[in-house]
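Please go over the structures that come below.
Both of the next two complexes hold subunit A, though its partner changes from subunit B to subunit C.
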Partner chain A sequence: MRSPFGWFLLKRLAQAVVVVFFVTLIVFGLLHALPGGVARGILGAQASNAEIASFNRAQGFDKPLPVQYWMYLSRLLHANLGTSYKLNQSVGSLIASRLPRTLVLTGVSTAVAFVVAVPLGVWQAIRRRRLADYVITTGAFVGYATPVYFLALLLVIVFNADLHLLPSQVPGTYNLGQLLAHPSVLVLPVVTLAVPTIAVFSRYTRSAVLDNLSEDYTRTARAKGAPERRVVGIHVLRNSLTPVIAMLGYYVPVMFSGAIVVEEIFNFPGMGLLFWNAAQTSDYPVLLGVILLIALATVTGSLLADIAQAVADPRVRSGLK
Partner chain B sequence: MGQTPRSSRAKRYAFPALATAAALFAPVLSGNASAQLAPAASSSAGASATFALPPNAAPNWIFPIGTPGHLAGYNIAVQNELFVPLYNYDTSSGTFALDEKVSAAKPPVYSNGDKTVTITLQKLKWSDGQPVTSRDVQFWYNLVKADKTQWGNYSQGQLPDNISKFTVLSPTTFRLQLTQAYNPGWFTANQLVYITPIPQQAWDRESAKGPVGNFDMTTAGAKKVFSYLVSQSSRLASYASSPLWRVTDGPFQLKTFTTSGYVTLVKSSSYRGPEPARLSSVTLEPFASDEAEFNALRSGEVDYGYIPTADIPQVGAIKASGYTVQPWVGWAISYIPYNFNNPTMGPVFKQLYVRQAVQSAINQQTIADVIWHGYAAVGYGPVPQTPPSSFLSKVQAKNPYPYNLKRSKSLLASHGWTSGPGGVLQCTSPGAGAGHCGAGIAKGTKLAFTVLSESGSTETNNMMQYLQSTLSSVGIGLSVKYEPLNQVLDQTSACKPNQASCSWQGSFFGTQGSWYFPAYPSGEQLFLSGASANFGSYSNPAADKLIQETNVSSSATAMQAYSALLAQDLPVMWLPNPDYQVSAIRSSLKGVLQNPGASFMQIEHWYVSKG
Partner chain C sequence: MTRGTTGGPGTGDRSVPAAGSSPELGAPRPAVAHRAGRGAGMARRVARDFSRNRLGMVGLGIIVGLVLFCFVGPLVYHTDQVHVNLAQVDLPPGHSGHLLGTDDVGHDILGRLMYGGRNSLEIGLAAGVIAVWLGTLWGAVAGYAGGWVEGLMMRIVDAGIAIPALFLLLVVATMVTPTVPMLIVIIGLVSWLVPARLVRAETVSLRTRDYVQVVKAMGGGATRAVFRHIVPNVVGTMIVNATFQVADAILLLAYVSFLGLGLPQPQTDWGGMLSNGIQYTYDGYWWMIIPAGVVIVLVVSAFNFVGDALRDAFEVRLQGRS
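Moving on to the complex of A and B:
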């Protein structure tokens, strides 16, 4: 007999393939519909018409769009994402060098946010409508409303330029190992990214815990004499995490796509800047490669979120068909 | 020489070498980082410096023959430190001129009515101990000749097409037979400057494992060698380790090169030329954004950086933290081409009096001083106005059309333009004779046009708003459409009136200078009828004749005559030329030559003053 969970997985994977295919199709079409040729972006004002024609021929731009798309797909099936026009490197190697750095940055900041926000949200819910709740709520709103750009500059000016406590940049030559061996370089970028995430997660947790605290099962647990620590820590927390887990799932594509503003300010060349710079120079292979990756991350993220919710919540599990 | 886009640039605590530099730079000196080259005795051996590379400018090509798309300024800057080019121009003499000390050859000797060039090499050695010989130049020539379309600097009819014969006369002397007589000034500065001797004894191979031979002497062999070297140059990660790129004759050698463009150059112990490096190492640090670069500058983490235009108001703070702020003036001009073939406005643009009226309504000095915060130079013609040069005519220098709104209005009024709806002038007296609007201009034609402008720069936006305001005050309507640079360039192409692509009327792509010249700023690519970058299809037989003369005759005055004519004939709307960048140089770092060519940094001159 087929397991409902296996069937669910299979169905979702098939959906993911279709989604990714359509993403490539739409993005490819949109990119090629944009005005402004690649050749001019790459070769500059001084390129002659002959040079531009020769570039277009070499890249296959003189062929009809469906043929170009077919060429792109067949390269993709051979795990070849193409070569960046601008950076003189393969898209695969560019992503391979940028992605781990980005994942460290976004992964650590999301983890920090999760670790800080969940207890904060729970504590706020317990202390509902007391001074601490109001203070943290205000802080969360300020954190959420502060533009990341402003926050980053503020942190740089205070902790780097004035106090000389923390570096303002991540050395460009650092590989992943060096990055982890010098955690001080990550402090400011991680804090910048984590602050708004903490604000979001803590609000979600607070409201979910509040909901659960008024549920019948909580009252029952209390009536049975369970200590408050057990009621909140075991019963309420587990049920309250469902929406946060769903949120985490949707953070996966965000983690893969990088954080343009933070990468810009802290000179942290990751996925965000790779994409941004490619967009400015019409570097199609890079744009397509990154979008493909983000599409994969999106479908994987939502899949993981569903699975995690199923693990955390028996009601979700029983609903799988 | 390609345009040096900076469309579009850490960290001392992380690098022992940079920490050393920090210690050396600690005593902040007063005075400026002038272009004066100091005696070697005052340099501090063992010092190093960090140079900030702007965003999207990371070097990505090492082979001195750049394929299309790989000619960006910082590629050339790094290549020139490793491989001495045949001829190099800089401002070490006070003007932008040939600098023999940083060139691989002595000045060329022209003979046979300027149809023959004889060149003698300086005494340079490759790092493998072999001398730099005529054969190394012939090797470059053979490779480029065999696969010229793969060379990014190739332009039909020019190098290598214009060399009919290359003769090696001796190990140090060779002769070029030209297809016709050329102006020696033009040929040296705009053609010979592309040649770089490359180590034939090490690079003349068809594959990594193949033997070294004379493969370049046949076209097929040369193509294979070229292809092999290009493939090696595509492997960025191996630049610093590949034995190929270790055979150099320049003042520096490559120590580090990361795929993100982080480059460390170290002083070459094998350099035998007259300009050895004074610093023991120099780091080119790529920055992901202007903000990141400015943060690094503010924290004192770079020795030679730049102040983004948005941060110009903070010049004072940067100076106070031990930097000298110096504009890096580009050997460039900036302008808005008129599309003379636009079906609507072409006939209007063709009237000189209209162009004069437009130009007279523009106060360049105000734009340069106020909008560009003083970091732009006025430009009244086709030759860069600064630094001063023998190419600049008095007519251009004096500005034939000074700011004068009254003159602008009267020019238009006297040609049959009267105020219409919304205050925009319209032609009420069509016809070709005196007092009429001019041939091809229909009655009721509005004196209004649209300029496509590159987006992303506050200064450019402000300049466009100023132009809108000043032109509207004389009754000329100007609309501005902002788009990213490459989209602007893509739409700004030479066209015929009946083509759909001819809908553009004016175009601005000069936030960092519209056009960077090689050392000899002639206009064969810009203003010659049918030239590749003559986007507006300007055509003037007198200008064509003068441009030809600047290229082929030995006349020393041809450039001035050309400068004067085009300053008066206004083939484009002349605008101030923004500086290449506003540099911030640590006060103790001396010997910095901010060469107007912008792609040459000549790092060998840099030294650290001990104070």
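Moving on to the complex of A and C:
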């Protein structure tokens, strides 16, 4: 571990731990910023003071804040996210049953987006400042600027209300196997979630390819007579894909944001819908558990992205302190 | 999905830091390196380059058009946006003189687009500016301080980015009934993280410059260094980023109503109109959905076109000198 790369790994890991620590602080602070406290939110405005006091005692909310935070942290370290107030299940098991479905939704739509966006971006870079570039650029900006729920509404109006082609609601009881056995229910949610991702990734691919097209190695490859198809398809594409793939790691929080909207609109029984319903019923253990999990996924995603870039690109690696 | 919500559609400068990179590897290239004192000539050249960018000019035209529509339009097209009129609900476009029809409580939709657009534009602009200012100060202080202070401040930014804004806003929606100033503050407070990263990265490169070191050696305070020497040098980055921030703030505002944090009736904004239309998806009342959705897409795209063109204009200057 004496190598610069080893130090880089250690430093990034330490940073990730600090970030997760701050996230627990923010999440804990959020819980205690509630007007009237958690007890009011759960027991309602009608609850008597005695009921509130006994709820606070049972939950440990009557202890000093640092003690409560310590208890919260030690529970987390034992992988205990608490118990839902409303659903009478542990938050861990609720998330465990919903997470795979959300991962199918986000995974499939990211894969679709990637397959569409990368060729689009490369095509734009080659045709820079020509008609195709302007048309796709405009499309990408419009795709980015469209609120996900507006896009979902348009798709539902066209493909469900008018054409009766695709279902607009996922049966709430569907488990993972049933989802995969009825792919038609996945089409609209996946497409809705893929559009803004295509917008972002095609722009990003375009700029990565443009950067590489102006590099010395591209000029060398052209000068030695390599056909343009080979220069772009092999040399440039390979070097451009590294930052684009790394971008997937940084994209985790955006993907989850899209998922919460899409799941609510299409009644998709994933983690986003779990969070949405928990927000409506003030089910705070579920809210905090989901936020913490997403934050962990985000930190892990950007850590992996950094490592992937350092491993794949010697120029990045040599720049490490 | 926004940004805050979202990583932008921009090129590398914006997308990588927007989505949460490490300070070392994903460090954004500074969009601008411009020296204070060359201000006027610089501005002229940027304006000239910008005016040659077709998409940028189209974006600027759309923004000017929408501002006129929202602020001058009501002087020409008079409608009642306050009272409920149950005799005039759900009218299709063209009926009884309502060019775009009426909504479910009888408000004229075209007039409501003007009225709600003021809120969308004002909140978006104010929140975007707050976010950039907050981010600039945070990033400049962190970058200038260096050491463990910088590390601590940037890990706080990382933690903020790890909690997606939509999730936060959905929880906030269960606690408060929003007003316009409150929405400005809330959206500003969840949007300052990306500009903080951009400015910090530029400040780090400025920190070692001679003139900043001289200020330090002469005993100039940190406040003076930050405000007199660092902020003026990141002004280009701030301008470019502010354009994107306003776009993202308007987009985020469109989600806010969907999350249940919208302005209470009779107030509204474009997002409020759009999410109000959701319940009529199957009734064929397209005029309650499409117009509001289209203006949101128009204004957000327009600000992105302008931001992209501005960044290119600033970058051309950079290339021209080096």
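Just so we're on the same page, the second predicted complex is superposed on the first by the 284 of 321 C-alpha atoms of A that agree within 3 Å, B and C clash if a C-alpha of one lies under 4 Å from a C-alpha of the other, contacts with A are read in each partner's own complex, and residues count from 1 in each chain.
In this section, a residue touches a chain if its C-beta (ideal position, glycine included) is under 8 Å from a C-beta of that chain, and two chains touch if they have at least 3 such contacts.
Since the structure is predicted, the reported quantities are computational estimates derived from the model, not experimental observations.
**Q** Contacts for A:Arg12 in the overlay, against subunit B (first) and subunit C (second): which applies, first, second, both or neither?
**A** Touch partner of A:Arg12: subunit C, not subunit B.
**Q** Just checking: does A:Ser302 make contact with subunit B only, subunit C only, both, or neither of them? Give me first, second, both or neither.
**A** second
**Q** What's your read, subunit B or subunit C touching more residues of subunit A?
**A** Touched residues of subunit A are more numerous for C.
**Q** State whether A:Asn88 touches subunit B only (first), subunit C only (second), both chains, or neither.
**A** First partner only, subunit B.
**Q** Which partner does A:Ala310 contact after superposing on A: first (subunit B), second (subunit C), both, neither?
**A** second
**Q** Check whether A:Ala208 is in contact with subunit B, with subunit C, with both or with neither, and answer first, second, both or neither.
**A** Second partner only.
**Q** Based on the superposed arrangement, let me know which partner A:Met247 touches: subunit B (first), subunit C (second), both, or neither?
**A** second
**Q** Between subunit B and subunit C, whom does A:Ala194 touch in the aligned arrangement: first, second, both, or neither?
**A** A:Ala194 sits against neither subunit B nor subunit C.
**Q** Can A:Gln280 be said to touch subunit B (first), subunit C (second), both, or neither?
**A** In the superposition, A:Gln280 contacts both subunit B and subunit C.
**Q** Thinking of the overlay built on chain A, is A:Val122 touched by subunit B (first), by subunit C (second), by both, or by neither?
**A** In the superposition, A:Val122 touches no partner, neither subunit B nor subunit C.
**Q** Of all the subunit A residues, which ones make contact with subunit B and with subunit C?
**A** In subunit A, residues 34-35, 41, 153, 156, 161, 280, 282 are touched by subunit B and also by subunit C.
**Q** Quick one: which bits of subunit B touch subunit A in the complex? Just the residue numbers, please.
**A** Within the complex, subunit B touches subunit A at residues 2-3, 5, 7-8, 10-11, 13-15, 55-56, 58, 60-61, 68-70, 149, 152, 154-156, 234, 236, 256, 258-262, 285-289, 291-293, 295-296, 298-299, 301, 483-491, 493, 509, 514-515, 525, 532-533.
**Q** Applying the document's contact rule, which stretches of subunit A touch subunit B when the two form their complex?
**A** Residue positions touching the partner: 34-51, 54-55, 85-89, 93-94, 97, 153, 156, 160-161, 167-174, 182, 185, 263-269, 273, 277, 280-282.
**Q** Can you list the residues on subunit C that touch subunit A in the complex?
**A** Per the touch definition, subunit C meets subunit A at residues 1-3, 5-12, 15-16, 18-22, 24-26, 54-55, 151, 155-156, 158-168, 170-171, 173-175, 247, 251, 254-255, 258, 271, 274-275, 277-278, 281-282, 284, 286, 289, 293, 296-301, 304-305, 308.
**Q** Considering the complex alone, what residue numbers of subunit A touch subunit C?
**A** Counting only subunit A, the residues touching subunit C are 8, 12, 15, 18-20, 22-23, 25-27, 30, 33-35, 41, 134, 137-138, 140-150, 153-154, 156-157, 161, 196, 199-200, 203-204, 206-208, 211, 243, 247, 250-254, 256-258, 260-261, 275-276, 279-280, 282, 287, 290-291, 294-295, 298-299, 301-303, 305-306, 309-310, 316, 319-321.
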